[in-house]
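Think of it as A, B, C and D in the order they're written, each chain with its own count starting at 1.
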Amino acid sequence: MEITKEKLLSFYETMLTIRYFEEKAVELFAAGQIPGFVHLYIGEEAVATGACANLTDKDYITSTHRGHGHLIAKGGKLDLMMAELFGKASGYCKGKGGSMHIADVNLGILGANGIVGAGQPIATGAAFACKYKKTDAVSVCFFGDGASNRGTFHESLNMASIFKLPAVYICENNMYGISNNQKNHMNINDISDRAAAYGMPGMTIDGNDVIAVYEAVKEAVKRARKGDGPSLIECKTWRHRGHFEGDPGVYKDPKEQETWVKKDPIIKLEEKLLEHKVVTKEEIAHLQEEAHGKIEAAVEFAKNSKDPSLDELLTDVYAG
Amino acid sequence: MTQMSYVEGLRDGIRIEMKKDSNIYMAGEDVGIFGGCFGQTAGLFQEFGGERIIDTPISETVIVGHAVGAAAAGLRPIVEIMFIDFIGVCMDEILNQAAKMRYMFGGKAKLPMVIRTTCGAGVGAAAQHSQSLEAFLTHIPGIKVVMPATPADAKGLMAAAIRDDNPVVYIEHKGLLGFKGEVPEGEYVVPLGKADIKREGTDVTIVAWSAMVHQALAAAEALAQEGISAEVIDPRTLAPFDKDSVLQSLEKTGKLVIVHEAVKTGGLGGEIAALVADEGFDLLDAPIKRVTAPDCPVPFSSYLEAHYLPSQDKIVKAVKEMF
Amino acid sequence: MTQMSYVEGLRDGIRIEMKKDSNIYMAGEDVGIFGGCFGQTAGLFQEFGGERIIDTPISETVIVGHAVGAAAAGLRPIVEIMFIDFIGVCMDEILNQAAKMRYMFGGKAKLPMVIRTTCGAGVGAAAQHSQSLEAFLTHIPGIKVVMPATPADAKGLMAAAIRDDNPVVYIEHKGLLGFKGEVPEGEYVVPLGKADIKREGTDVTIVAWSAMVHQALAAAEALAQEGISAEVIDPRTLAPFDKDSVLQSLEKTGKLVIVHEAVKTGGLGGEIAALVADEGFDLLDAPIKRVTAPDCPVPFSSYLEAHYLPSQDKIVKAVKEMF
Amino acid sequence: MEITKEKLLSFYETMLTIRYFEEKAVELFAAGQIPGFVHLYIGEEAVATGACANLTDKDYITSTHRGHGHLIAKGGKLDLMMAELFGKASGYCKGKGGSMHIADVNLGILGANGIVGAGQPIATGAAFACKYKKTDAVSVCFFGDGASNRGTFHESLNMASIFKLPAVYICENNMYGISNNQKNHMNINDISDRAAAYGMPGMTIDGNDVIAVYEAVKEAVKRARKGDGPSLIECKTWRHRGHFEGDPGVYKDPKEQETWVKKDPIIKLEEKLLEHKVVTKEEIAHLQEEAHGKIEAAVEFAKNSKDPSLDELLTDVYAG
């Protein structure tokens, strides 16, 4: 491993933070404290973590309905995120967006998105802006296996390739679009095979291996920053929970679920860290405690925040 | 008659028609074993099998577009767009293909197809999963649009939509799916284009559809306490619109309030008001009022969302200002 | 002042803004060397180069969608959708992304982008290349919509659209592109949201926009011969709509005729009529009339198309029925 | 060549008929007798001809804005087509559709289409119907290189492949979408490479060789009728004229135009017919005369037809 101990630890911290954020969301949703649709990222933490570790605040991402992990990995603030889930005035979107629309444009986070596939053109446009302005910033687009069947995928990757945009398209293939297994929604095994349709490089990697994700995205980002154009990276992964909270996931084979839960990306990294003596068990316990603490503080912040005031209903429709 | 929920009603309508005609099939995202995002299609996969209840990829454009081709080639597709908010993804297929093919071909095509979709706020689903976009559809000649408010209408309008030889958009309100009521057993058809007087009254006419029918009925009840007799008209079919029922009611009442969950500007309420301000001008003895959502996206916060929605109280207030 | 055609006016507006701000670029199908389907962008490629005047693939979804991302990331895109008829292809990007992003993000995004497109029948382009679909757009809070009728407005509204920090849809009428008129030289801005009284009058108010302004003016001229003084109001911006100018005019005239090229049902005429039937009810002394296209697709046959279109004669007839 | 003399002659006749129909349209448009947009198929006749020779009236096609050739090859009636171009009541669409919307549902022609790429989902749906009804009919979708960049392409081919629909997607790659050269609108040379993204066979052939088209489509149709699913066939070809009548085509390299005009598919076939002594020069002259005669008759029919009556404006909006 050529990755520094520091980096590995930061991966671990980020993944834990995401996991605990999501576990807290499970709890809060079940308790009726969070309204609306909540789509959780548990089991997929390695993708956002490994990918965003290559980015700075100047770089852009677009996220999805399953967005908490991307936002945390890109530097989103936990208290503002949590307050947004509660619909509070102190939230990222003043409570007007909710889980599916959290954004932090200053951090380059162009939003979670409730429309499957809608982030693809937006990320492409952000990449266009990076190139147009001659910065070396890049734009990373997260989306699912299901989203790769939308027309937006096709049009976006084609445009990015012609214009040699600094974009990285990261397909989080958790093998399901809601209840629809990949086998039934496309007739290929590797979504990265679609890159050839646009004349861009494509690769498939283990999305539960944060280091593999980090390395692959690193190459793609380097390529993009150099002006060599976009790439498509498919990360095979698995969501542990239902599509949204409340979905019992009857369409999944319990055995497959079991197999994949064993490949939990956090456990995988933990084992590696211990094996390579990057951390001790005690340090791990400490990091876990710390992460829990941050989440609790965020919940505290959210709970103590106020609802938006009524006149907020009609503001922010137009700028200026 | 039997007691059924709205979702059971619409499913019953589908099931009865599908049993009769093997050319009817349903395609959409997660309509199979999953049973639909809100359970609307639960059991249909088990009953009719995977050849007739078909899970599609997340590809709304081809979901609707393929239905146009399949219908032109003799089938009777029912396709689902999970939320009406996604209608923009397949709008060209609705606007330029489904709606216009018959006319462009000089009458030589028939497109019996139903697009099922859900609308409505109130569940914290925010700006992209809560809209009421029926006005986009009623501005497109060539398609019909229905929005049932009760379990019986849900069933009867579904049957009528499936039997119609034109593209029909059938809009379910997600807040009504569990709503219970009396529903006729067996075959039951509510003709398209016919409004229903949900409550008779003499002092003011309230036109409302979908979930707003229930707010209007509650408002009418409250108004009755104050001595105002409100008639509640549910057009049920928005295109073609049954304007005669509104004009007839106005002959009695002379006052019109239109209620819809869609944002005000450009909503179908404007069209109805305009029809009346032309053809029923002499019947009016007060300004036409609209009670609608304000001109903004649907907010996530439950607190804001509650204020966003038109409600019984807002209707009562609007009516009382007329007296 | 100088003499210019409508298309020269709009191009002048673009050119002047593009020279001032390098963050402005234009992308669309055949906007480069081809110069646009109707020559709208002729010469811009030569003047600003391929980095700022960009030909795209036939991919309307990403044309508009990319503009959302580029605008959020600090640029000021002008994108072209060749015909407004194709708006369904990118409707999700307009409806759920461009229009809502700012609100959904709690005000933390700014989307300065212009979508240029053409509308209008009259050239035998049939059902999929002739529509007037502005009412779809005016039903979407979060975007602005302009439809100039004259060369000066074409220029001034273009400048205003480009300078605005919101998504603006700028709709050119293909029948007006060659229309000539006086245009101020140099920088010239027509503020968004301000109607223009194109002709003053005292007996009847005619609200018309885009190509219909000219039909309305011709009708007003004909009516003048018969002793009826018509005021012609061109809202120019349809969203936000300048309702005060209409109400003010009605204080004089008491009679309203709304003219638009879009099909009647669900057209913006309904919204305007509804506004007046509420807020201007006491000003009215006659039913509100609408002169519009009928509720059918645009026919190909030039003979049918001529009858499809609202015209000076139809306006005159509608007005005379009010007296 | 295993193709019968009869078949070869019918190819030639069809191609001539298309060519003359189009040449007549040039003339009529220039004379102001045909309104609206007219997109001509001159130079691309081999594609429609070779493809449709594999089809019967029970099979479906969807066409494009450049549709006259497809319609003629699928059996469309010249007089009804010509009358439609004139907007006459006797036309295919009673004059309500025009060049961009001619259809004959009874012949399986689901219409020309003014929306680029819109035929792809429709053809997919017709293929779905063929399969659902367990007939052995197929659905053939014609579209351009430009149209292959639309989201409809992606969604249609993906759906057809998952459902194993009897569809054949024929891309008429004339290397331009209006003024935009393929080099600038996609980053690949062969559009058939896109088939791999859907797990379906793809091939590229010489679209100016009617026999090559016939053979390739024959295989694809056979495969589809057998229930083995869809294919993508790219036919490289060239349009001789502007995008629409009135376009001088300044964006084209005159040399390239010259090269391609030399590869005229009709001349190519003519040479082959003479070489293999399938016909004599005299017979060719006779066939040409015959084809001209049919077109003249169609024009006569159209000119003698009436405008639609005014009440036709409001009919056919709804069925029933």
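Definition applied: a residue touches a chain if its C-beta (ideal position, glycine included) is under 8 Å from a C-beta of that chain, and two chains touch if they have at least 3 such contacts.
As the structure is a prediction and not an experimental result, all values here were calculated from the model.
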item	value
Smallest number of contact steps required from chain A to reach chain C	1
Greatest separation from chain C - chain, by CA centre	A
Where chain C and chain D are represented by their mean Cα positions, the distance between them in whole Å	36
Rounded Å distance, chain B centre to chain C centre (Cα mean)	30
Whole-Å separation of chain centres (CA-atom averages), chain B against chain D	40
Contacts with 2+ other chains: residues of chain C	56-57, 59, 61, 85-86, 89, 92-93, 96, 103-104, 126-128, 141-142, 295-297, 299
Multi-partner residues of chain A (each touching 2 or more other chains)	93, 95-97, 101, 113-115, 149-152, 155, 158, 162, 184-186, 317
Chain contact graph, described as a line, ring, star, complete graph or other shape	complete
Interface residues, chain B side, partner chain D - complex	25, 51, 54, 56-57, 59, 61-62, 64-75, 77, 92-93, 96-97, 101-111, 141-142, 144, 164-166
Chain B-facing residues of chain D, complex	60, 62, 91-97, 101, 103-106, 110-111, 113-115, 118, 120-130, 132-133, 139, 151-152, 155-156, 158-159, 162-163, 315-320
Residues of chain D defined as touching chain C within the complex	35-37, 84, 87-88, 93, 95-98, 100-101, 113-117, 146-147, 149-151, 177-180, 184-186, 250-251, 307-308, 310, 312-314, 317
Touching residues (chain side chain D, partner chain A) in the complex	149-155, 158, 161-162, 184-188, 193-194, 196-200
In the complex with chain A, residue positions of chain B that touch it	29-30, 32-34, 37, 55-61, 85-86, 89, 123-129, 294-297, 299-304, 307-308
